[in-house]
Amino acid sequence: MTHAAPVHSLWTTAAAAPDKIPAPHIEYGQLSPTLIVLGGAILGVLVEAFLPRRQRYGAQLFVSVLTLAAAFAAVVGLAAGDYGTGKAHVAAMGAIAVDGPALFLQGTILLVALVAVFTFAERRLDPVAHGNQVDSFAAQAAAVPGGEAEKAAVKAGFTTTEVFPLVLFAVGGMLVFPSANDLLTLFVALEVFSLPLYVLCALARRHRMLSQEAAVKYFLLGAFSSAFLLFGIALLYGYAGTVGYAGIADVVDGQVRNVTPALAGTMGNDALLLIGGAMVLMGLLFKIGAVPFHMWTPDVYQGAPTPVTGFMAAATKVAAFGALLRLLYVVLPGLRWDWRPVMWGVAIVTMLGGAIVAVTQTDVKRLLAYSSIAHAGFILAGVIATTPDGISSVLFYLAAYSFVTLGAFAVVTLVRDAGGEATHLSKWAGLGRRSPLVAAVFAVFLLAFAGIPLTSGFAGKFAVFKAAADGGAGALVVVGVISSAIAAFFYIRVIVLMFFSEPRTDGPSVAVPSVLTSSAIAIGVAVTLVLGVAPQYFLDLAGQAGVFVR
Amino acid sequence: MSFPLLTVTAAVPALGAIATAAVPAAKRAAAKWVALAFSLATLVLAAVALVRFDPGGARFQLTESHAWIADFGVRYELGVDGIAVVLIALTAVLIPFVILAGWHDADPLEGERPNRRWRPTQGFFALILMVEAMVVISFEATDVFLFYIFFEAMLIPMYFLIGGFGDRAGERSEEETATQRSYAAVKFLLYNLAGGLIMLAAVVGLYAVTADDLGTGTFSLQQIVQARASGDLSIATGTERWLFLGFFFAFAVKAPLWPLHTWLPNAMGESTAPVAVLITAVVDKVGTFAMLRFCLQLFPEASKWATPVILVLALISIIYGALLAVGQRDIKRLIAYASISHFGFIILGIFAMTTQGQGGATLYMVNHGISTAALMLVAGFLITRRGSRLIADYGGVQKVAPVLAGTFLIGGLATLSLPGLAPFISEFLVLVGTFSRYPVLGIIATVGIVLAALYVLVLYQRTMTGPVKDEVRGMPDLKARELLVVAPLIALLIFLGVYPKPLADIVNPAVDHTLSVVDEKDPKPDHPVDAGWFSYSPMHDGASGGAK
Amino acid sequence: MNPVYYLYLAALLFTIGAAGVLIRRNAIILFMCVELMLNACNLAFVAFSRLHGNLDGQIIAFFTMVVAAAEVVVGLAIIVTVFRSRHSASVDDASLMKL
Amino acid sequence: MENLIGLLVAVPLLGAALLLCGGRRLDGKGHYIGTVLAASSFAIGAVLFADMLGRGEHDRALHSHVFSWIPVGGFHADVAFQLDQLSMTFVLLITGVGTLIHVYSIGYMEHDERRRRFFGYLNLFLAAMLLLVLADNYLLLYVGWEGVGLASYLLIGFWQHKPSAATAAKKAFIVNRVGDVGLSIAIMLMFTTFGSFAFAPVLAEADRAGEGKLTAIGLMLLLAACGKSAQVPLQSWLGDAMEGPTPVSALIHAATMVTAGVYLITRSGAIFNAAPDAQAAVVTVGAVTLLFGAIVGCAKDDIKKALAGSTMSQIGYMILAAGLGPIGYVFAIMHLVTHGFFKAGLFLGAGSVMHSMNDEVDMRKYGGLRKYMPITFITFGLGYLAIIGFPGLSGFWSKDKIIEAAFAKGGTEGWILGGAALLGAAITAYYMTRVMLMTFFGEKRWVADENGNEPHPHESPGSMTFPMIVLAFGSVFAGGLFSLNDAFVKWLEPVTGHSHGDSPLSAAAVTGGTMVVLVIGVGLAWAQYGRRPVPRTAPRGSLLTRAARRDLLQDDFNHVALVQPGQYLTRGLVYVDHKLVDGVVNGTAASVGGLSGRLRKLQNGYARTYAVSMFGGTAVLIAATLLMRAV
């Protein structure tokens, strides 16, 4: 594509820049989704504090579902109110952008969270312990695994209902993350949604050692990466003298008014810009799970309680990619010629790395983890397109992918044996004979991952590749199809295992879920097929949402 | 708007698949009848389409066009030309026989406790109908993307058919059979998926180039062809070649063309005879069909550029396939390699770029479908009787089951394209078509004729003639159902061998159009005889090419 | 005094912290190294704030401290649970999941 | 009248369909149905013949266009028939002799439970052969051509339970296929040269094309002819074909199949006339084959094989004649007809002998049969006299003319060909006398076989002797009738054309020559097999004899030159396909797997390792960004 004068006019609409420092002015209406969620979270905490143990589960479920639904309604309201397109602008003193991508991603995150909450609340799968139905979370996270305290807690029928407020907090952070319009907000949001996730990871009822290990790994590496992010922010701040996206962008494009001498000095110093940009990028790529910042993914996905894994895998990616898009399209478009080649490299190694390593995986959850890495690579191809098409294709892909992921992990929670979920692939042998329906549903998800036509996976993949090809990244498309071919191999391997190999006598049984998980899976399948067969409406949505405000 | 015949033709088997799958586990038998009923309904619809199709009429007829995925420039565009409508008819004709032939293939093994939820019988027939639906719609699609979607999606049901249902173990142990089978299934899927994904890259590329020149990307075959003709759309030579290769690779895998063929023997060997027929007689045709419809018309220049290589590969396929067929010890694999050789002929005809060649290739698709079906299904009946695929395990069958042997021989004779049976005509046309432009290739290809005689007759001799083997003794002859499957196919072979004109008349205009898109003309004879010689036959008022 | 020197110091601290994360085994110490990195960032912020003569950097520093505190809460909680179940604070012991 | 032509083919075809699809209920009367239909097709032929005689000799040809067969692009083939004098001759020969053989088979196959199918095949054979000679274009001829191949395949392999029979049948078909390739290539050449392959246009305008093209077409046609007519080098199937029931051999050798090649070349005369090189090839093949067959015939103790050799050599005569061009065509056909009579007679005779000797074929186990089966002896004898060209009998007239024509070719070529023909005549006389003596004269040499039942020679039933008698009449008088004031020449001339070469020798001289060699041949045979008793086991014999017993090593040659290399090739390719073509793909898959296995080792579970990769990644990221800016 030709790089004519202000390139990012392609995807940004000018909003009036404040001429003098105005009195603080917060558009609460436009921030309502976030506010609702956080409010709900706090309410949840209060519930934990004041309601008797027995009633908490119901109350928490009620609160969180209601909160998420309300927040989603608010998002829809904003979108309907044309905040996605015409009235898109920067709210809260330049801290939060309310525009198409933000609303689209927030909507997606909220739906994902809603479905995820269903799987969180599932209480039918684990066998009844001492007359109490239990979910997949530890009775008492603080108790030593296998210790007396734990036994007592289980006996007493304790449950960690804190997960619900935790999820809501995480969601709150995620809602802000992609709409953050300055680096500070970005950083805070990152931490707001990361910290609850660290905790959630540690709460598994079965395999607690693994769960805790996952948590500690996730936490340490997460903190490590956020330190990098923060340092990057510091450098960018040093470069531009501001952390506002618009401000930085102006400086990068050299369109800044009233240049102070200090600014003039740092502006000249591209090292600050480049290094800072690279480090911020790294922070986001870590959350996305792009090679080589991906190594936490398999361990954490495997160790975390499966509902949490599903939520993480879906929602975190959405939020992180949103932030990445905004950073690259709003803050660093002027730097396009610097970061594009780098991202090319990242995308290629991510696609290939994820696909190749997945080939020899033996654990379903790790397999899905690596597949999520490969998919991150595909999405990156769309990011690199740097065209409006690229934005909308990424948005669409994220929506499609997140529901497939949720569904897949929800199915994983169903296949259990004495030790809880039977995630080792060898145990899945012959599942198709035992319970064809579950196997078929999982096959649908796998085919969607593999990008077989008539599934959302294909539509998304095509959208992204198409954008990439249009954006002059044809080579990425070729790499993409090659790694898809490799990826196809291991998805198929699972299908073969489920349908064509004899069931093992000691094989797992498929637990019959309550309406919660069933509806989660059903929604997953529905979205997968609808987005596969008739994606046009959603493509339009994504298309309209494909413009960043600045 | 008019009645959406094509959509319905594709939808009926799809509905049939759902209906069949929905039949409760206890009523296995009912599922078969449901499937058969729907396949016959499809046959009727296909017949209607064949009748309503006017050979002299527009290029694409019975067209339908609806918006679908505007963002991808994709429309739901259906339409059939002579080639497509004939192949749809072939599909619709074969499926009922496939179902009949496979009547007991998916029954629970005796002694096997039928699981309450596991319903192989329903699945088997539902999958067959699903494949039919997808094949039909990919013949109908005039939108590249629409075609691609079903070209790819069809792999899934095929894959389950191959991997899920095979011959009874027979000589080999159950688990070895199972492993062999899933190996074959995976091989099939991976080969074709790889091809498909490469094609996906080309499809995306096609979108990109059309988007560049036409503003909005499009996948409409007609629109692209017109745009190229009018010069609105110009594709750089290099790009066109890459795109062509992307498409051709997928089709060459499907067809299959040497050296991308090795999945076929495994797939056909491990699957039950009806499924093998489904693979080689129906699904693979989509590949050769797509070469005619998409490769040649979307990328005429690149097609001509690639022709020499492709012709050589086709030639290799012909002879290589035949030689390997001679070397096989397994009946089904032998037929598979024979098919590879035949597909070589088809591709040879397509890329000879002459009316005879392409017309012959089209007829070849039909005739090969029928002849292979006849041969393979009879072979299947034979194998189910004896429970072994090894040629060496048979001998003297002709003595105990003369009708079976007789039909087998006729199927074999059709395979070696004996004059009077349909395949002869297509094969000869392909040879003439090739010869008239590439004499040497044409002559080398004739070697295939001799080799065909060799592998067919050797197969017949080893299995049917000679002293009666003990295991064969007391083998029952064809039952009524089986005869009902084979007899009509043989009748078709004879009819199309004696009077192919109706078929040819439907196909010719389409072929002429294809050639006109590629901008190729038949080479003129060196010393054309006076046209007056043709006057005595009233049929020859039509364009009689070289003679006029 | 040239504020750039503060930057060098910040970079140094950051690197020390990072190196510590890479080489030390004890989770607590790892965590402290992370904190060190965060503080390096703070130093940089403040330095730049001074350089540009606007207060943003200093405000951010406060934010960072809060965040760091929150991290401590969560982090220590997790590390302690792990310690109690493993009787070891070595991150290398926590390597059940691999490959 | 035209419409009757189609019937000629349709009637026996109908018979075939009836008998093959009719099922067991027809077992009882199948053979009658078949015979009647064959006869009725002969009747139709007779009617058409009468009608044809009724018309002036230049508008005798009939043409009937049935329907347009293959119309694709410029390629037009019709199902259309053409009945001219040449076709007529064949029609009568085929249906006539064919019918007789049907009658004969009623008796011969009496005890075979698959007799119905046998007759079905016989009818199919007639139908195919009639289609061959009646087609008005080469492609339709090709249909009949391969149809004959199919029928012969079915009949030679009729006793399929005998592996030898099955093998022989397969061999016949495949060797024929090689010839057929020639024909199909010829047709393609015609199409690319003339844009048509119908007789009328192609033959009429043949000379317009370049000689090179015509030579090519001619050679391809010759290849085809070699296949069907068992000419060198494609002769090897004929001997094995004796595995079929004897009536089949009679049919193949006398009325159908092997005569097709002669028909093809005669029919395509216009092309050959314009392509001298092709003609030269034809005569060479003819000459070589006539000697080849004759020599083989001398060595065989199996009566049918001996006769087979003689057929080969007689067809050689015809091909030779046809290769001579207008001087030869007529005589080629004439010899073909007379040969049809006496060779059919001979085979039926041989069959009748075997029939009475418990299917013993070794002549060394015959002897003195003339007492036991007089009719067979007489008819066989007449056939024998005819074939060796005893003055006045059929063979004399036709063969003599051919030798004459051979000399008339002129120049050294003429001398060589004539000499070959003469030599052939001598050898013919020799081996036929040998057959005659070993079979019917001398002492009885048969004994009880291992399970003790001794053959009781007896005359065959009327259903078998009747045809033999009829054919005997033919073998005696046909030639004479044809030669009455050149009736046959006049009859065929409008189609094939005819010219008198200038022979260096007078007709009388040639006739004299033939007589001399005849006497020599007979004498030799008499000296060897008449005077002293025939040993029951064959003496080792000279090198030539032993070679001749093995058909002059033809099969050994084919085995070494074609079969073995072919087997190695296929085995090799099977290996290649498995190891190489498949191996490449599997190899790729395996290597990806290996790579994956190695890469996942990096995921060693240590958080600090992950941190390292992150740190390194960042470093790379930064470096890359800076680098991008640098360059």
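Note that the chains are named A, B, C and D in the order they appear, and that numbering of residues resets to 1 at the start of each chain.
What we mean here is this: a contact is a pair of C-beta atoms (placed from the backbone, for glycine too) under 8 Å apart; a residue touches a chain by one contact, two chains touch by 3 or more.
Note that this is a predicted model, so its numbers are computed, not measured.
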| item | value |
| --- | --- |
| Maximum centroid distance from chain C, chain identifier (CA atoms) | D |
| Selected pair, greater C-beta contact count between A-C and A-D | A-C |
| Chain A-chain D separation of Cα centroids, rounded to whole Å | 80 |
| Cα-centroid distance, chain A relative to chain C, in whole angstrom | 25 |
| CA centroid of chain C to CA centroid of chain D, Å | 97 |
| Approximate Å spacing (C-alpha centroids) for the pair chain A, chain B | 45 |
| Sequence positions of chain D contacting 2 or more other chains | 589, 600, 603, 605, 607, 611 |
| Chain A, residues touching no fewer than two other chains | 216-217, 220, 224, 228, 298-299, 489 |
| Contacts with 2+ other chains: residues of chain B | 190 |
| Interchain contacts, given as pairs of chains that touch | A-B, A-C, A-D, B-D, C-D |
| Sites on chain D touched by chain B in the complex | 20, 63, 65, 67-76, 78-80, 139, 142-143, 145-147, 150, 153, 157, 160-161, 163, 165-167, 170, 173-174, 177-178, 180-181, 184-185, 187-189, 191-196, 198, 200-202, 204-205, 208-210, 213, 566, 569-571, 573-574, 577, 581-582, 585, 589 |
| For the chain D and chain A complex, residues of the former touching the latter | 589, 592-593, 595-597, 599-600, 602-603, 605, 607, 609-611, 613-614, 616-618, 620-622, 624-626, 628-629 |
| Touching residues on chain A, where the partner in the complex is chain D | 216-217, 220-221, 224-225, 228, 270-271, 274-275, 277-279, 281-282, 285-286, 291-293, 295-296, 298-299, 337-339, 341-342, 345-346, 353, 356-361, 486, 489 |
| Of all residues in chain C, those that touch chain A in their complex | 7, 10, 14, 17-18, 21, 27, 30-31, 34, 37-38, 40-41, 44-45, 47-48, 51-54, 56-57, 60, 63-64, 67, 70-71, 74-75, 77-79, 81-82, 84-86, 91, 94-98 |
| Interface residues, chain A side, partner chain B - complex | 392, 432-437, 447, 450, 452-454, 458-459, 461-463, 465-466, 469-470, 474, 477-478, 480-482, 484-485, 488-489, 492-493, 496, 499-502, 534-536, 539-540, 543 |
